[in-house]
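Accompanying notes for the structure given below.
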C-alpha cells in the first residue's frame, strides 16, 4: 500500500466505475476522463457520490456555467489546490474565460484574502445596514 | 490600548481620512461609509492604500461588476470572514444577485472545499491535457 | 457535558494545576492567569505540556522578546484567532509594540496573504538565486 | 492557453513592464528581478499595483526592515507558500536573520498554529484584562 | 434580504423539506432537527443533497460510528467551525466519546497543525520507505 | 544558506541529536528515523521538544493508537500537508488501517470541509440542545 493512488484506466475499470466514466464523458461531451475521477475510482461509492454532487451543483441553474466555473476556480486558487486550478482553469477557459478575466479573477482572490484577514484581525462589527 | 479599534466617524476624521471617505461615497454613490474603512482610518496610509486597491480591482474591467462581487463573496465565504460575507453579500445583492444565485454560490464554495482537500490528499497528478 | 469548558479558578484547582499556574505567574511576574490556561486545566497533562512549550519557545533566545510576540501575533491574525490576537496583542504592547507598529504588522499580514495566494495559484517557480 | 504563466524576461517586456522592473531593481539595489514579478507581468496593471503595495508596506516605517521580513516570512510559512518562504527567507537572511533566528521563527509559527486551533476549538472567552 | 438565513421550522416547511426532516429524525432516532438543516432548507435541493451525502458518508461502513464522528469533529476543530464543533461534539459524546478522549483529540488536532506547518515550511522530502 | 535544510544522518549527528534518534527508534521499534526528525535536527532543542510532544500525545491514553493516527492523518489531509499524509498514512496502515477505512476517512475530511464552510458562511446559530 502506498500513499498515492494510481489512476484506474477505463480498460481496467469495473462495470460500476465505467458507468460513471461514461456519464462524465456524455455529460461533458468529451472522450476522456481526467485523473481526479480515475483516482477516486478506487472507492466506487465515493466516485459516484462526488460526481453526482458535481453534476448537480455545476449543472444548469440560476448562475451561468462560465460564472460557476470561475467561482470554483477562485475558491480553488484561494485554497492553493494546484490540480484544481489546472482543471477548473481549463474548464473556465473552454467556456469562454479570457486571459484578462483570469488576471482579474486572481487579483480578486488575492485582495479578498488580504482584506479578509485584516477585517477578522480588527474584529470589525457588521454595520446595521448589512443586517 | 485595546485589541479592537473603534470606527472613526466622519465628524471626527482628519482631512486626509475624509478625503478617502468622500471618494468612497462618490464612487459608490452612497451617503455613508461602512465600518471596515472607519476602522482602517486609524492608519490613514493603509486606508488610502486598501481603498485604492479595491477601487482598481473591483472597478470596470473584463469581468462584469456582479460577477466580481460574487467572486469576492465566494472567497470570503470560503475563508469564513463573517463581516466580509455580510458586506460583499449586500454589494452582490445590490448589483442583482438573487437568493437562488446565492444558494448556488454557497453550494459551489462548499463543494470546491470538499474536492480541493480530496485532490490534494490523493496527490492527483495534473493531466497532460491541462498543461 | 457541554461544548465549552469553563475556566478553572485557582481556588478550585488541584495541586498539579496550581503548580502550573504558579509557574506562569512567576515567569510572567503577574498575579493572574488568563483564560486559555484555565480552560486547558481540565486536562492537566496538556496544560503542563503546552505551558512548557510556550515557556521554551517564547523564552530568551536568538530573537528578542518583542519580535517573538509580534511573530506570534502575526500568525494568530493570519489564522483569525480572536482570543490569540487579544492575548498576544496585549503581550506585544506590554513589551513595547506601538500602535503604528501594530498597524504595520497588520498590513504585512494582509499583504502576505494576498501575495501567498497569487504565487501559489500562478505556480511561480523558485528562482535559482533562492536555492 | 495553459495554467502556468511563463516569466517575462526584461528583453521581452513592454516599456510599461520594464519601468516596474527598473524600479524594483533600483529600490532593492540588485541587477535582477525574481520570478514572481516576471509572472505578474502578464498583467501590467496588477504588476504595478502589487509592487506599489510591497514598496509601501515593506519600506521604511515604525518596524525595522529585518523584523518586517521575518513577519512576512512567518505568515508565508504558516500559509505553506513554498516560493514565498524561499524568497522572503532569502530577503530576511540578506538583512541579517541568522539560522538560529530562523529556527526560532519556525518554532513560533508551529506553536501559534497549535494553540490557535486549541483556543478556537475550546471557544476561550477573552479576559477582561485584554479588552 | 439579509446575510443570515433564519431556520425554517417544521410547521412552516414545504412537503419537500419535511420529507428530509422526517428522514433525518428517523435515521437519527430523534424528535428534532438541528439548525444547520433548517437553514439549508431555504434551498431544498442543497438540503436534500447534503443530507444524502452525510447519510452515506457517516452511515455504516469500514470505520465505526464513534471514530467517524471523532474524525469529523477533529477536522471541524482544525477549521475552527464553532457550530460544527458543538454539533459533532454532541454526536461524538452521544456515541460514547469521554471527556478524556475529547482532550486527547484536541491535543492531536493542535499538534498536527503545529507539525504540518513546520514540515511544509522546511519542505521535508518524503522518505522512500513511505512511497 | 538555503531555504531547504538537508536531513542530518545518524553518522553525522551530535550526541544530543543521536539520543533523540535512539529514543525514536526504541519507542517505535524501528531501525531508521524519518526525514522530519533529520531536518529538525538542525535545531536540537526543537527536535527534542517536538519529539517529546509527539511521544506524549500519540502515546498510550484514552484513544486507541490506530484512531490516534487516523485523527492525525485526517487533520494533515485537511491541511494538505503531503509529507504528513505520507508519514501518518504509513503509520496508520502499520497499525491496521485498511484501504476501505482510508477511503472513508478521506470522504469525511472532504465532507467536513464542505459543511464547515457552509455553516460558517450561513452563520448558523448553535442549537440550545448542544449547549
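For clarity, chains are labelled A, B, C, D, E and F in written order, and residue numbers in each chain start from 1.
Rule of thumb we're sticking to: contacts are C-beta pairs under 8 Å (C-beta built on N, C-alpha and C of every residue); 3 or more make two chains touch, one makes a residue touch a chain.
Quick caveat: nothing in here was measured; it's all calculated off a predicted structure.
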{"item": "Set of chains whose contacts include both subunit F and subunit D", "value": "A, B, C, E"}
{"item": "Comparison of C-D and A-D by number of C-beta pairs in contact, larger one", "value": "C-D"}
{"item": "Copies subunit B and subunit C - rotation angle from C-alpha fit, nearest 5 degrees", "value": "120"}
{"item": "Distance between chain centroids, defined by C-alpha means - subunit B, subunit F (Å)", "value": "35"}
{"item": "Averaged-CA centre spacing for the pair subunit E and subunit A, given as whole angstrom", "value": "21"}
{"item": "Junction residues of subunit F - those touching two or more other chains", "value": "3-4, 49-50, 53, 57, 78-82, 85-86, 89-90, 100, 103, 106-107, 109-111, 113-116, 118, 120, 122-123, 126, 130-131"}
{"item": "Chain contact graph, described as a line, ring, star, complete graph or other shape", "value": "complete"}
{"item": "Of subunit F, residues touching subunit E in the complex", "value": "3-5, 7, 32, 34-36, 39-40, 50, 53-54, 57-58, 61-63, 67-68, 70-72, 74-76, 78-79, 81-84, 86-87, 89-90, 98, 100-101, 103-105, 107-109, 111-116, 118-120, 122-127, 129-131"}
{"item": "Subunit E partner contacts - residues on subunit C that touch it in the complex", "value": "1, 3, 42-43, 46, 49-50, 80-81"}
{"item": "Sites on subunit B touched by subunit F in the complex", "value": "77-78, 80, 82, 85, 106-107, 109-111, 113-118, 120-123"}
{"item": "Residues of subunit D defined as touching subunit B within the complex", "value": "2-4, 45, 49, 53, 56-57, 126, 130-131"}
{"item": "Subunit E contact footprint on subunit B (complex, rising order)", "value": "80, 85-86, 89-90, 93, 99-100, 103, 106-107, 110"}
